[in-house]
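A, B, C and D label the chains in the order they appear, each numbered from 1.
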Amino acid sequence: MKTYVIRIDAPDKPGLVHAITGVLFRHGANIVSNHEFVDTDTRRFFMRTAFECTQPPHDVVPAIQALLPEGASVGLAPTGKRDIVILATKEPHCLGDLLLRATYEAFPANILAVISNHDTLAPLVRQFNVPFHHVSHLERDRADHEREILDCVAQYQPEYLVLAKYMRVLSPGFVARYPSRILNIHHSFLPAFMGAQPYRQAFERGVKLIGATGHMVTDELDTGPIIAQSVVPVDHTATAISMAQSGRDVEKVVLAKALKLLLEERIFLHQHRTIIFD
Amino acid sequence: MKTYVIRIDAPDKPGLVHAITGVLFRHGANIVSNHEFVDTDTRRFFMRTAFECTQPPHDVVPAIQALLPEGASVGLAPTGKRDIVILATKEPHCLGDLLLRATYEAFPANILAVISNHDTLAPLVRQFNVPFHHVSHLERDRADHEREILDCVAQYQPEYLVLAKYMRVLSPGFVARYPSRILNIHHSFLPAFMGAQPYRQAFERGVKLIGATGHMVTDELDTGPIIAQSVVPVDHTATAISMAQSGRDVEKVVLAKALKLLLEERIFLHQHRTIIFD
Amino acid sequence: MKTYVIRIDAPDKPGLVHAITGVLFRHGANIVSNHEFVDTDTRRFFMRTAFECTQPPHDVVPAIQALLPEGASVGLAPTGKRDIVILATKEPHCLGDLLLRATYEAFPANILAVISNHDTLAPLVRQFNVPFHHVSHLERDRADHEREILDCVAQYQPEYLVLAKYMRVLSPGFVARYPSRILNIHHSFLPAFMGAQPYRQAFERGVKLIGATGHMVTDELDTGPIIAQSVVPVDHTATAISMAQSGRDVEKVVLAKALKLLLEERIFLHQHRTIIFD
Amino acid sequence: MKTYVIRIDAPDKPGLVHAITGVLFRHGANIVSNHEFVDTDTRRFFMRTAFECTQPPHDVVPAIQALLPEGASVGLAPTGKRDIVILATKEPHCLGDLLLRATYEAFPANILAVISNHDTLAPLVRQFNVPFHHVSHLERDRADHEREILDCVAQYQPEYLVLAKYMRVLSPGFVARYPSRILNIHHSFLPAFMGAQPYRQAFERGVKLIGATGHMVTDELDTGPIIAQSVVPVDHTATAISMAQSGRDVEKVVLAKALKLLLEERIFLHQHRTIIFD
């Protein structure tokens, strides 16, 4: 028996759960877990159901689609690992953590390749036998640099791109190539300290908690829908540098958590928010 | 339109969600929120659905009951405040917090009375215009003391009893009078430091976090199903006394949180565990 | 034996701890706790020492002052309760919590009076036998309103003013009357969501943690030095209203914590930051 | 200029801070940070001072020793990396995290070797170019197995041993060879769930938080002085297996934090407790 996830995003109307679970029941699906949510402001209905089935349940999708109002979307996928490509710059902590998890632990990612604008991380990546591509941004314009990265990514056909402390801003054109498929870890408790040097900003503001935010990347920098956030306390003895050190443990845990939610198909994007069925 | 909560606890079988939501749909219920869970070890199904309805939906219960396997239970109640009686001893922080919330905030409790084995808390309770009963345990045996407390409680016919730092152990006979209806706040991170003087025990063990546990009271002391737990950090400068002070903020927040979940009918008891739909 | 706290804020130079502890030793002071910190950026030295002494140690201050470089300040005070006046608007949770603590628990505040621009909180305050002053802001200008509040505060001569969800912005002139002596609780994780309706802002941004910030009030709104911050998780089911409800527990705990630190003379202000010896 | 740490553990008497800082001042030491603590129950004084010095300050130790009462101990060491050997069993998450930190981040450990009673982790260790020793416990008695491990450790002369999910109990004889020099990560919130299968125990008890504890190893299993603890929330959907997965992130962060504190000489052991100057 294989396990599948069906995801529904539709205008709400009475009886949806009854109708949808009826289709699944008639197809012999054994429901493993089931989550629904209706956003009361927008009357939008979201549902994620994991179920076991002895045979491929592909006719389930049109059967459910037929029940739903206009403007609905239905997705079906088997559970399992998803292919990702990671972009990084110089910092090893998030990247190393993902390499460890994907290689030695039960983590739902195949890391197909790592691309960086520096070569600092090459030894780390190569010791895990993962392809490493150094695409320098020096002495070229942004468009040209992004084009080479996109070409490099394209050869791997990943389902998701993960920015593991990739310290360059992506252009809207780049993001449009992977809509709702790019995950970023931002080294602050967004929306505080957007932009450059968030730990320096946090130090100067004298905050007592520092945080990290895992979010989807949309056109505007640092404003995509948030998936996960966490914080750690700091006190007056912290410097901007020691805040950054403390922040690293948060960053890597938050990124791994957000990525797992994403790869397990637990996240719906709705306006600027995420609906997360965990 | 009134809002109701229906709670179902039944052996699992395929199609339950479909069948139950069908009954609700046919009765014109507008589902506001819906949670299900199947415990995979025991194949037990739990469901809590909040719905709006223009007329009393009392025939919904037998209609659903008819669909369910043997051994199922179905409960229906309108949402709203629940009547409670509080037992306390000498400490004001949890009791005062509940009095504040019930009197001045949106909190789903009517505090009918407070009973204590000391008279320390009388001024606090009376300033909120809540009846206070001093039932001393001195110079009498436990059975006699409990009998008077039970008599005192009985006149108020509360739905739940709340032990807000009531420092005496209840006998099995007492607990049997309010099965699954007594909530306690234990001043430690259970199951660590059960029994007397948990902060003294925590100090001597040198822990770096201290906690509190909100749990249902069953026959055995400190072993009822856990609803909520929280912790705060402590360091080497903490004494047993300062740990107790730090612990108070955790205790009152955890008790209020657990009580709200209980009064909103969000908790199912299953073996030694709780299933909480929040 | 009485306990005193001496606080020193001075340009750093070698040997300060040795010299200062020498003075205390020669005056027969028994050091109970001792904290020092040097801000390495600005080479500023901070020290807080609690000590027991059989007789008033007032000549300790000039003796220490004589050892310190130009620009140093030395303060001495007995430990104990401090007089405060609270400003509030309509919300009872922070105010009620402080009234409970000051009345029934070991908390270092005497609440001399509560002033509000609404009369909503009068019953709560009066049940604690604390004077309540309703100073409406309606049909008058800000200067006039503030003048009446200042007059009202002045008659109590408090050491500190506490804004317990006082929802009006204080003018620089008002703040200048109580420099470094006004504490505020801000209902967000500053610097995120400054200004009005922070929970609405938080909801729209889709954050997964909401927080509260206890800070000193300076000229600019929401930018005073931060004393304490805390957060609670929220998920996609949260509305702006339920976020505000969840936030209340954080607000009251953070405000009480910040106030205790302030009243125990544990806080030094330095640029936009606080140094906290706890 | 080199940085040193001096650590003093002595019976308390008046004037100690003054006297000790006097010695440091006369030797031209520039104090970088300074922490003291007096345990009021036992009248024991603890001090950790980090200072810069142009020349080796070895005569500082006898000069301070001369000032202290009988039963005092004084230690001096330059700051910097410390040599460790890691013992592990089969789980990669803690070990991999320490290898990453020691290899690619600013972490004060040289990992000289890893020893395991299984060969599962050999590929992970070897990809970091760290010696891996497989010392199987099969078909031999405990004494014999421990003897081989001790021989293997001895050739590396590490300052500390780190048990990174080493799932076998060490005999008192083994522990006595490295007194106060063995760090363990225990996969529960000690003292709850001591012994085997803590996540199974936590699941059966229905706890709502699971934790990890970094502690020094003493003769008795799971009862050594605690250095660091942390928790994560779990809910009713967690199984014993998923609790263990959630627990891993806590374990690795807590172990790394405890190890950093240990290697930076920030920990004093006192009875069953730790005093930690961070």
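Basically, a residue touches a chain if its C-beta (ideal position, glycine included) is under 8 Å from a C-beta of that chain, and two chains touch if they have at least 3 such contacts.
Computed from a predicted model, the values in this text were never measured in an experiment.
Shared residue numbers account for over half of those found at the interface formed by subunit A and subunit D, and the copies are therefore classed as meeting with the same residues.
For chain pairs A-B and B-C, the one joined by more C-beta pairs in contact is B-C.
Spacing of subunit B relative to subunit D, judged by their CA centroids, is 40 angstrom.
Taking each chain's centre as the average of its CA atoms, subunit B and subunit C sit 35 Å apart. In subunit D, the residues that touch at least two other chains are 33, 237. Contact residues of subunit D toward subunit B in the complex are 37, 40, 189-193, 204-209, 211, 225-231, 235-237, 239, 271-276. Residue ranges on subunit A touching subunit D, taken from their complex, read 33, 92-93, 96-97, 100-101, 103-106, 124, 127-128, 237, 245, 248-249, 253, 256-257. For subunit A in complex with subunit B, the touching residues are 14-15, 17-18, 21-22, 24-25, 30-31, 34, 36.
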